[in-house]
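First subunit A sits with subunit B, and in the next complex the same chain sits with subunit C.
Right after this comes the complex of A and B.
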């Protein structure tokens, strides 16, 4: 009986995970993609997300705070997730995992804010966890956020703001939601560097929650989605 | 010692404006002290905040009022500039202070990534060493949001062509030069000085 050599040569899962984390921490996008492609060739892209990428991203999110090249590491982590999503969608007979199964949600930068990087990385993290994301881009007026959320059926609006001035502008979005009677039913996620260092700012601008980094964003959106459903039940 | 409305004023300035503010200082405010702080502190906003708080505390203790020639460069800037005897130049960042809000937003929407002399002169070192972005990652990151490196030529420093070429190679973006006057920068500093109140007569 011929021996199955593929089983023999396959490295242990923990070793592959460690290699993946190390590659992302070295900001080696090509290396991380090669490792994941090799795994996908044996197990499929659904397994890549569930078994390798998600645990690695959670681990990286918990460990890179305060490290020297956090930006490069976070950027490469998001791009690797984006690369895998693209490959998964483009696979012949792409499976349901590649299709959004949660949401929709709306994302954008606060009016006057042009710092796209964080927002884009959050969008990728959400998409990698199965969320349908409508990304409205930079410098989005409050009315447009709400109009688009209503048009798409979103229960969560995510707003990114880098500075105190643009963060304070989120108050107008809070007011827009309240004025249109959407309080509770449409939840407001806020994020950006300023929220991490200014205690109380989330509440001050009327946000319903924030995440400490992009890796924690899917969990926040899950909580807020549930809060929206509960609010609707209460008011029904 | 608490600064009074007649106390002397210092312009605590980001070194990204070293050439520009030195040039303006000679003709506009030669009697004011202008301590420069390293622009590389922006790599770590917490460090930048601590440094500026220390500098401002020190100046106020010595009875001097402070104009911060800075954008909204760290999250605690609002708190710092709201102290009695302190004012900050209006504008979110250095490019906006030089260009004015309308032109800054117009160019940003058109895809510009702004460079001033000090940072352009460093070439790709900032991306490589300080951000840890190799050429592939820097190119990908920059092309996600920008299509041009726009060097703001204020006319008071030589154009660092080699540095610009190095940034361009590393980030995969073409570079252009935009001549700009110092009128707006001068105006935002004058505005901050006015908000502080009358200046003491030169010695």
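Right after this comes the complex of A and C.
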């Protein structure tokens, strides 16, 4: 797609961001995509992510923490991000968004957990921030998490659990990591509704960190990745 | 005064000796009878035995027929996974998207084994406890059943991005919903509990409730032969309560511990029964003193509200909830009554 460099009718960036947030809040996926495509035509998809979509998603994430948004609106935001990723990787040449530059990381639902929505939304957010994500799906046994993380070179495993019962199952994954001597080197991110309402549960199941919502997940994975590097340096 | 008389007096604005209280102890019955959970959720005799044990041990004023929404998804063809310490879950939905709905077979409530199990368990419980303890049953409205059939992602997708198809699917489920729900009433259910996902403020914005969920719920509920209590699911329901207030057949609202009951009462008027109380997490992890204090705080808050039932907020109590915490709820109700 040739880049349109005309600035004559360029709306202010803050106005465009506000329009994007409003469209997402209205669950207007097509409208949000049209707005982002128009911006990409002028500036390229990389700019779309950096100056438009990412700040909008962070703003929505912050307001979700304040309970101003619903799961439906977060879902629309994830879908819009996913749409942009798909468009970006399919664009030829200079206008394309870069290939994943971070990771890889491994994601999955804890053994016995089949609530995929949150995990998928987190995967989309991570990919939109340049992470290479290996999504193992639902009901992943602890051994498989670790095997796949080792096979792909992941430093962070993200585990999603919706209920108290399946969250308790993460202990077995913690034990698997420790038994294989991967403590610190392989970081364990845990998430899901139950962690938001049960203070102390992250530590109880052996998690290294959690995020309050999908928009905060990339920041968490960044921190844990760095922690993994530091742990390796210390042990080297 | 026994539980049925207490419950009946509450409904008809007659005096009661103490507050009506209940806890959702559907799963917990298996603990009391040491019943494996795959049997607990397939064998109506075993389930009913568990609820008899619940009554004998804790003496709640309302008992519950099997509380497992996954059984509804399984009835449509979803793959069910029985768990060791929780109600079963859907391991794989029956279909993957709203587009597959047209090929789906709507189960026959009289024949489908999972639906027959719930109904038979209800019948047995009613036969055993009818004149002594009311029995409530759980079901889902037509706007929420599809999430068990195709998964949350696919149903969310349809509701958000293909509203016409979502409306067609939900409206198409109304006869099934009415058939099952009225079957429960025919079998003696005192009321139905209907969790509200696609009417919850944490899941959908008001516009979706107004334009999609509420009209379908209204059409479905208008055909019921008994009362229902709308349930908050887990997060607060108050921000959408005004949208649900005057739906047909709705006699009560089960609210979250974070909901302001006074605001709810002001919004709803004096008629609907309010249900509220300590959340399942406190019952599992708190001390007996904390549980008792939480119950007394709610009872004190509702001191001048006769149409109130003390009930746990959230879903079914966890299997590892300490029994002394369940006893503490009852103790709080009785001691609070004796002090008045």
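Simple rule for what comes next: the second predicted complex is superposed on the first by the 221 of 236 C-alpha atoms of A that agree within 3 Å, B and C clash if a C-alpha of one lies under 4 Å from a C-alpha of the other, contacts with A are read in each partner's own complex, and residues count from 1 in each chain.
Following the convention adopted for this analysis, a residue touches a chain if its C-beta (ideal position, glycine included) is under 8 Å from a C-beta of that chain, and two chains touch if they have at least 3 such contacts.
Note that the structure is a prediction, hence the values are computed from the model and not measured.
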Task: Clash or fit (per the criteria above) of subunit B with subunit C on subunit A - done: clash
- [ ] Could you tell me if A:216 is touching subunit B, subunit C, both of them or neither one (first, second, both, neither)?
- [x] neither
TODO: Mind working out whether A:22 is in touch with subunit B, subunit C, both or neither, as first, second, both or neither?
DONE: neither
Open item on the list: So in the superposed three-chain picture, is A:58 touching just subunit B, just subunit C, both, or none of them (first/second/both/neither)?
Closed with: neither
TODO: Examine A:132 and indicate which partner it touches, taking first as subunit B and second as subunit C; both and neither are also allowed.
DONE: neither
TODO: Mind working out whether A:231 is in touch with subunit B, subunit C, both or neither, as first, second, both or neither?
DONE: neither
Open item on the list: Between subunit B and subunit C, whom does A:75 touch in the aligned arrangement: first, second, both, or neither?
Closed with: both
- [ ] Mind sorting out which residues of subunit A both subunit B and subunit C touch, each in its own complex?
- [x] 27, 29, 71-73, 75-76, 79, 114, 116-117, 120, 139, 163-165, 193, 197-198
Task: Contacting residues of subunit A [partner subunit C, same complex] - done: 25-27, 29, 67, 70-73, 75-76, 79, 112-117, 120, 138-139, 163-165, 193, 197-198
Task: In the complex, subunit C residues that touch subunit A - done: 81, 83, 85-86, 89-92, 151-153, 156, 159-161, 201-205, 207-208, 234, 281, 284, 318
- [ ] Name, in rising order, each residue of subunit A that touches subunit B in their complex.
- [x] 27, 29-30, 68-69, 71-73, 75-76, 79, 114, 116-117, 120, 139, 163-165, 193-194, 197-198
- [ ] Using the touch definition up top, name the residues of subunit B that touch subunit A in the complex.
- [x] 45-46, 72, 75-78, 92, 105, 108-109, 131-134, 136-137, 140-141, 144-145
